[in-house]
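The following blocks contain the structures, represented as structure tokens.
In what comes next, chain A is part of two complexes: it sits with chain B in the first one and with chain C in the second one.
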Partner chain A sequence: MATISLSKSEKAYIQSSLKASSSLRADGRRPHDYRGIALETGVAPLANGSARLNIGKTNHEQSGGTEVLAATKLEVEDIENGDGVEGGRIVCSVSCSPSAYPHVSYAALDDLQYDYTTLVQDILAHPSLHPPNLSILRGKKSWLLALDLVVLSDSGNIYDALFMAARAALWDTKVPRTRSVEYRANGSRPAGGNDMDVDQEKQSALDTRQVKTATDFELEDYWDEGEPLGGRDKWPVCITLNLFPPLYYLDAALQEEAATPLRLLLMFSFKSQAPASLQGMRLMGTDDIDLSLVSGLIKEGEKHAGELFVAINAKLKEEDIRRTEKARRRFAAVR
Partner chain B sequence: MSSRIEILNDGGFRSDGRLPSELRSLAFDLSPQAGADGSAMVSHGLTQVLVSVFGPREAKSRAQTMHNRAALNVEVSVAPFSTSDRRRRGRGDKRVQEIVAMIKSTFEPVVQTALYPRSQIDIFVHVLQQDGGVLQASINATTLALTAAGVPLLDLVCAITAGVHSTSPDSPLLDLTTLEENDCPSVTVAVMPRSGKLTLVSLETRVHVDVFKGILEVVGEAGKVLSLEMKRAVLARTKMLKDAMGAGLRTAEFAEDAGGDE
Partner chain C sequence: MITFTSFPVAPDPYLARNDDAADYLPDSDYMDVDLEEESDAGSSKLTCPGESITSSHAFMRGHGTYVENEEVISSVAGLIERVNKLVTVRALRTRYNPEVGDLVVGRITEVQPRRWKVDANSRQDAVLMLSSVNLPGGVQRRKLESDELQMRNFFEEGDLLVAEVQAFFADGAMSLHTRSLKYGKLRNGQLVTVPPILVRRLKSHFYTLPCGVDLILGLNGYIWVSKHVKENEQEGEEGFDAEAVYSNKNDEIDEATRTAISRVTNIIRVLATHSIPLTDTLLLEAYEWAIEADVDLKDLLQEDIGDALIAAVTNR
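Showing the complex of A and B:
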């Protein structure tokens, strides 16, 4: 599914230099090196969590690289009458800007963003990763977590970029604090006895049971935007192994991607004091691979994913500090 | 005192503390996106739009080309997280199509399309944040992106939104936020400051003719201010490019000198 076309000789040139004993890449990287990754959180003021990620932006000229914008939004859903489910749900969507794929037709672009969406949705909306604090009122209201990813430009390695951006945006997501509200009937039927206008649930007049459940909720007024999404350490990172079996290399640029016949995508989730878990795996491309090689590749992938995970976490914590510091300074200035 | 937010208070200030004819903080960023021939990010306050321009280049389909001039192809995508309520707007959305049509008709008389027969200029607009004045920001960003791509234009097109509030019809409000857009009749005008011509006037609701004249005058002034700022941004970008090329030349000369000595 290369998005650019490459001549046969260019392909052969890239392949032979990658397979060479001391492999050479056009930008001078070693096979297992990543390009520089730039990450910023809190880029969309109207979202509950957001991040902008760029792989391979060059320093001297602020251009180039794969750029992905990710943002999460929380919406209240009704469980009884609406689409809501107990405990909340996650919906992911990826949209590709036509400027990221200037040579692809619109129909192909739609297919591409559908492919990306399915993959991201499959991995991130998996029950094993579901955050615990997406419910509001048992049986009544829950949060819908909508994660939107926008691919602004693609210069290779889009899958790693998508998952990294998603991880950063989800890490940054704050769930608003809610407090449940209970309306208590005072003895007889509440015929205008309540000072609040309550939507009466479809209750029978003969129902004499004591209904003591919270019917609605209100947002708590608090100085910050809410508590972080639960289980935010678990969001997976993706590592794409570009394969020339038995060799592999990481973080392919666009031309390298077009010259590589086979790719193995591995998504790992790391929990504290637990071994990494493999959340997903995709083999893409026109070539095939010996089964005996796969387990070795997964081991290698886990190693690289671990390194990437540590690096992203460090950056995310740094961003947290930078932004809370900013908020504190603004608060002090106003005071 | 009503609980509603006052659009214009007794002191003559707007809800965000601006004077009626004061613009929001402007930011122009001309640093290129990967692959695009020219791109620009424009922010008017909290409204943020990114435009990438490709071309003039061969059209994806032959049917879209014209034998005597270049075709302008405009695509607008609105990020789902750009508004307070999440909503996906596809290419077929009516509001999106309207913006596309307006950008196209604004730039068709300005871009010198006759210079590039049988080719296509693609303009991709990404609305990243919305807080009123999406059309004005899109047009301003498109102007800058076309300039950055080196596409010949007759003039820089500067767009600005103006509205009138009933309490003071003689002092139009410039550069409206969403809050003000919802409450005032507003008009978006695209000006070519050098010739003083207009390439777009889009009025959302109705205003009195007498008031309209006043609005157009203020908008013309605002257009001049905007074009000065745009020129400054373009100059800064060009100077950076020139310096970068100069650095290349100097090293080349140096290498040549070194070669000559041998």
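Showing the complex of A and C:
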């Protein structure tokens, strides 16, 4: 755990403030308040989708807040000879900038990265979330979706930030359009080399050979970067409940995290016209919790995750509009 | 309530092309700062990296400068200072540069034989010797072996303390002491960190705000905001009560005081993000403004309210 050191009296102060009847926090928030979240998509021009997210920084501050950069890159994989899997696959990785954890040693930082990577990979690469349009050629070629997250600074609530950034980057991801190409050897033509003999080459409308024998593909030249990743509504959001059983609070700052013995991570996926599905759950910390409390906490978590989901979706749509507008203005300016 | 905002937007280069502002080029003469013409040596000027300060023939380069093409050039953004023929630039954004006699707030990082290592926002960890803290059973006495064995009873890792810079070691690390009843372990409050340059050297760094909040402005940019303790209730008034001085237990703190502590913390954060040096009068004005304007505690950190606060307190 990458927590900062805190004196006993500071911990006691934070805990007693939260447990007091008015539940006040260090910066005046209520227990269920989030800090302000800044989000921007399309920050990396060479990525297929990217996003930058910051929790808790005000616009005047030069630094501060929990900042995460997420980017996706699509690579072609060979299914027959390479690592490719039918229907494509997703690989996530999280790396932490040493400046985000100045008090953590290099070896410990590696462990931390590994922990984050495992969690993100487990949740996002789950078959139930797999996007339908990651295959290129049946049995031959498929897309590898590599999602890379970089933690630039951590001032608490890193898990929620990681999943929000991942969701934004995946939402932003465009899969390039492809067209399959059939290879036909010259030798298959009639040996006579008679140019007039075209009739034999003609294919019937019912011919499905193209799909079967397609050996390679080419990228379609089209005005946009491709079509959005399928099922992008499904990407989950994470909500971290910081627990002082039976109390809980959201969006802990770094000091609050150090004073909290137990955390419950809940990842929810929301599909249209379907109840939210719990995609993952982690209990972290040194304390224990009564099992009977957990189901109530999951319900509460679902409520908050729903709010977060609505908010992030609205922002993502706003970003889409902003970027198409920017592209149009830029086009006009160049012309 | 969860709100999303955008990052502050950098000006779009494609749009700026049409603006008149883009045609503006900074006047190169403006950059020339000749120290010879500056009438008195006491006045200081701001400079930024790469800016030529003066000729290297007439002046010596000091910290924060380098010489190129026979010119002294600043390597940091900061204030130009001159002592006789030595030109230095003191960086605005830097770690804390300690001086003997400074009051600092620090956090214990390590317990070592006969000494503690203290993080004080400086380039190196500060050192607090066992011989420079108040030991139980009298302010002045020799340290014993038994004291060495129970060092964690005085300070342990993570503990916050207020101390004074006593001296420097050969490698530039500072040595602290807490040999005063005002100094020692901190409790009943929370820490807020600001850039060290925003805390000026003042007559006193201990303030009591009328809202029942004590303030310790560490010159290293660590500020301790805590519940007010009455003069006659301070530990160690009559004799030295080690149990109370090195206690980890907080007193009973009521809701109003907690709210006041949070409000003061938020005000300090707002002032710091606007790069405004902290003084007690400024803080008090800001606090009164926040009470008068009836601003919700957490809304203080919002951009527009922060701007309004700054406008209100700086225009008076």
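The rule we apply is simple: the second predicted complex is superposed on the first by the 298 of 335 C-alpha atoms of A that agree within 3 Å, B and C clash if a C-alpha of one lies under 4 Å from a C-alpha of the other, contacts with A are read in each partner's own complex, and residues count from 1 in each chain.
One rule holds for everything that comes next: a residue touches a chain if its C-beta (ideal position, glycine included) is under 8 Å from a C-beta of that chain, and two chains touch if they have at least 3 such contacts.
This is a predicted model, so every value here is computed, not measured.
With the two structures aligned on chain A, chain B clashes with chain C. Contact with chain B, but none with chain C, is seen for A:S153 once the two complexes are overlaid on the shared chain.
By the document's definition of touching, of the two partners only chain B reaches A:S97; chain C does not. Contact comparison for chain A: of chain B and chain C, C touches the greater number of residues. Residue contacts after overlaying the shared chain place A:E75 against chain B, while chain C stays out of touching range. In the superposition on chain A, contact of A:G231 is made with neither chain B nor chain C.
When both complexes are aligned on chain A, the segment of chain C among 22-30, 58-66 or 238-246 whose C-alpha atoms clash with chain B is 58-66. On chain A, the surface touched by chain B in one complex and the surface touched by chain C in the other have residues 61 in common.
Contacts from chain A toward chain B in the complex involve residues 44-47, 50, 61-67, 69, 71-73, 75, 93, 95, 97-100, 102-103, 105-106, 146, 148, 150, 152-155. Per the touch definition, chain B reaches chain A in the complex via residues 31-36, 39, 46, 50, 52, 54, 60, 75, 77, 79-86, 88, 91, 122, 124, 126, 128-129, 244.
Of all the residues in chain A, the ones that touch chain C in their complex are 5-10, 12-14, 16-17, 20-22, 24-30, 33-34, 36-40, 52, 54, 58-61, 255, 307-308, 311-312, 314-315, 322, 326, 329-330, 333-334. Residues of chain C touching chain A in their complex: 1-8, 12, 14-15, 17-18, 107, 109, 157-160, 185-191, 248-250, 253, 255, 258-259, 262-263, 265-266, 269, 273-274, 296-298, 300-303, 306.
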